[in-house]
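We just call them A, B and C in the order they show up, numbering each chain from 1.
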């Protein structure tokens, strides 16, 4: 739980002006973010220094799925080895098909859970900063600050840049 | 000892009488479905007698072809069953497991000889006809595929008797219902693994052919071609 | 630092009244008319009837259908292929349009993705319907049971099971993740019980910069993943037929042919659904003639592709006159002539000339003609693949014709009603328009003056670069 200064801005340009002003205040990277109804291009108002990690989980998920599919097929062949149609007990082409399908399923689920976790979904942090007015065209600029001095200067910078309803809130960024 | 059961059908002798069909129905608890259902092409015969016409009147000739299950070595029906309800057993027979069948009917679609039959209803045997049912095999419920088994119940019975008596199955001991009944003796059944059996000798006949061999199913039912000579 | 006057926001979103737009686009959520209740009632009634008839069939036996020997597969299996084919609508439109950054995609996305999910649900139930012993369908599931028996993975039906499961989970995930920002919007705009509902579903999405970046990557990844899954699903469905020793089925062209046919019928389905949504929820401002024009162009391409594949197959068989296959094709001139003519006329003769005309593509009522014609024609094509090959197969002695009975028609009508019902319920409780994507498009669009004229200019915001840590 930290102090976050939230300011509402009428559009991208005013928000960007405030973002530039906040850069001058040397707040640590990753402590300033926007909340908006549409995705803003990287660097338009703020930058996100954290690298996106979950695609690696997707690749891992693909391989886990492939292993599961392969295991499933081989197990079903060998646990009850019945001759069908003169084919070998371990038939290769069906194995490839099932392995592929379960691999893709693994990748899809890995994307779902990996991206969800990295987006911070399903955690419902208490007091996550949010402003429903972003759906009326506003952009909320949020800056996490330490100490009263930083807070005061941040509020001033935002107000100067044209922010309305600049306030300090206790919450998660 | 593993057997290689096979059947030989001599088309020279087949008169198309259909006794094999009746015998099979009696032996294997096959229902009589009635005229209406037969008109909808739902006959339940495990062996059927195909009739083809050759030539035009007045020289028209009927050609009869009894078709039981071919018990293919490379049975296309076995491959496509999603639940292993049909598989190839050690005797080289295409075994059908009624309890496992969920009725996708893919095996029936994949049989080029169309020997597989489906239970469209729960067929009833009104009293006293239920007393004719053979206790050696089941009465199948609706939704289940069935087909000719080379009278596997008779094969099993012979195996048990031979095992009790501590000997091998003798040639001619196992006789499916159709083979047993055929009046002109057109059908022969035996073990190809036995080099001295009658069927091994019979299948050296140059008249031999198998149905739809180009499909690569390697059937175990071998036909002997009809001779065409004077007066035929 | 001196205060520079900020530039004014010149993008189209700044000029939009977002609250009014939200109310316009969410009309399906906010307003319930008697027509909706009527539609749901009728669909529910037909579904109930289909369910009752299905139970009757399950209890009495498949004999109440028109199936026989040798036509062991008929209306149910053709419908299965048809519904799975329709499910390629949303995936391919949504995924491909996303990946190629097609600027017109936003209003079409949600409706198409929803169509995929629900047609797939219907199609996924049909394998249970067509079984002789439906109550034992779990025998086909790969799980360790006391029976110690596992399913046969060599069977194309098992490939079907795995593929459809994967595709269903994939497309539901694709649909759901695509909806998360819109669900967050609905959460913020609603109160009480509705707010709790959307709160839970939006999983706490707020729209922070970090979230949007990752969301964009996730959407792209889903789009990349779902396309090969979709292609594999219909290829596998086609292999139910291509793997068989049935003349007319055993053809190597089936996999690509079915995929093309699926995309074809899918796009036609999307056109129809979009036209209905536009009328029902007064979305004329978002679903413009431009969208139908573009969908129409896609549809025209697919008509040609379908015609190409069909002609190729026909030519191969005609030229070779392989007796087994030729008997099947000859039956198209016999008892199956009505089906064959329906297919050719409805899939090619009507749609192709019409879709070539811009006037047709830009008119909603006119483009519905080829779209509906294609859906009918593709249904006829599925029937034509399944039935004549079985009716005229290897042994002429057992040839037989097939016609469905009231049982099969009822159950399939119930299936169609299930799709309609699911879709109507979805449109009622979930955002049927991808509001966030529409807003994003408006955000990227600005007017640009070139010489003496002013044109719309749409920014291409390229994919997310990794932040420089």
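By definition in this document, contacts are C-beta pairs under 8 Å (C-beta built on N, C-alpha and C of every residue); 3 or more make two chains touch, one makes a residue touch a chain.
Note that the structure is predicted; figures quoted are calculated from it, not measured.
Think of the whole protein's Cα atoms as having one middle point; the chain whose own Cα middle lies nearest to it is C. When the C-beta pairs in contact are tallied for B-C and for A-C, the bigger tally goes to A-C.
On a Cα centroid basis, the chain most remote from chain B in this structure is A. Work out the mean CA point of chain A and of chain B, and you get 65 Å between them. Rounded to whole angstrom units, the spacing between the C-alpha centres of chain B and chain C is 45. Between chain A and chain C the centroid-to-centroid distance comes to 29 Å (mean Cα coordinates, whole Å).
With touch defined as above, residues shared between interfaces to two or more other chains in chain B number as follows: 76, 79-81, 84.
Those residues of chain A in touch with two or more other chains are numbered 80, 82, 84-85, 87. The multi-chain contact residues of chain C, meaning those touching 2 or more other chains, are 149-152, 154, 158. Looking at the complex, you find that chain C touches chain B at residues 60-63, 66-73, 127, 130-134, 136-137, 139-140, 149-152, 154-158, 161, 240, 243-246, 390, 393-398, 400.
The touching residues of chain A, when paired with chain B in their complex, are 80, 82-87.
By the touch criterion given at the top, residues 73-81, 84, 86-88, 218 of chain B touch chain A in their complex. Residues 1, 3-4, 6-9, 11, 13-14, 16, 18-19, 22, 142, 148-154, 158-159, 162-163, 165-166, 169-170, 173, 177, 180-181, 185, 188-189, 203-218, 221-222, 225-226, 228-229, 232, 236, 436, 439-440, 443, 461, 464-469 of chain C are the ones that touch chain A when the two sit in their complex. Listed in rising order, the residues of chain A touching chain C in the complex are 10-14, 16-17, 21, 24, 33-42, 45-52, 54-55, 58, 69, 72-73, 75-77, 79-80, 82, 84-85, 87, 91, 94-95, 97-98, 100-102, 104-105, 107-109, 111-112, 115-116, 118-125, 128-130, 132, 134-137, 142, 160-162, 173.
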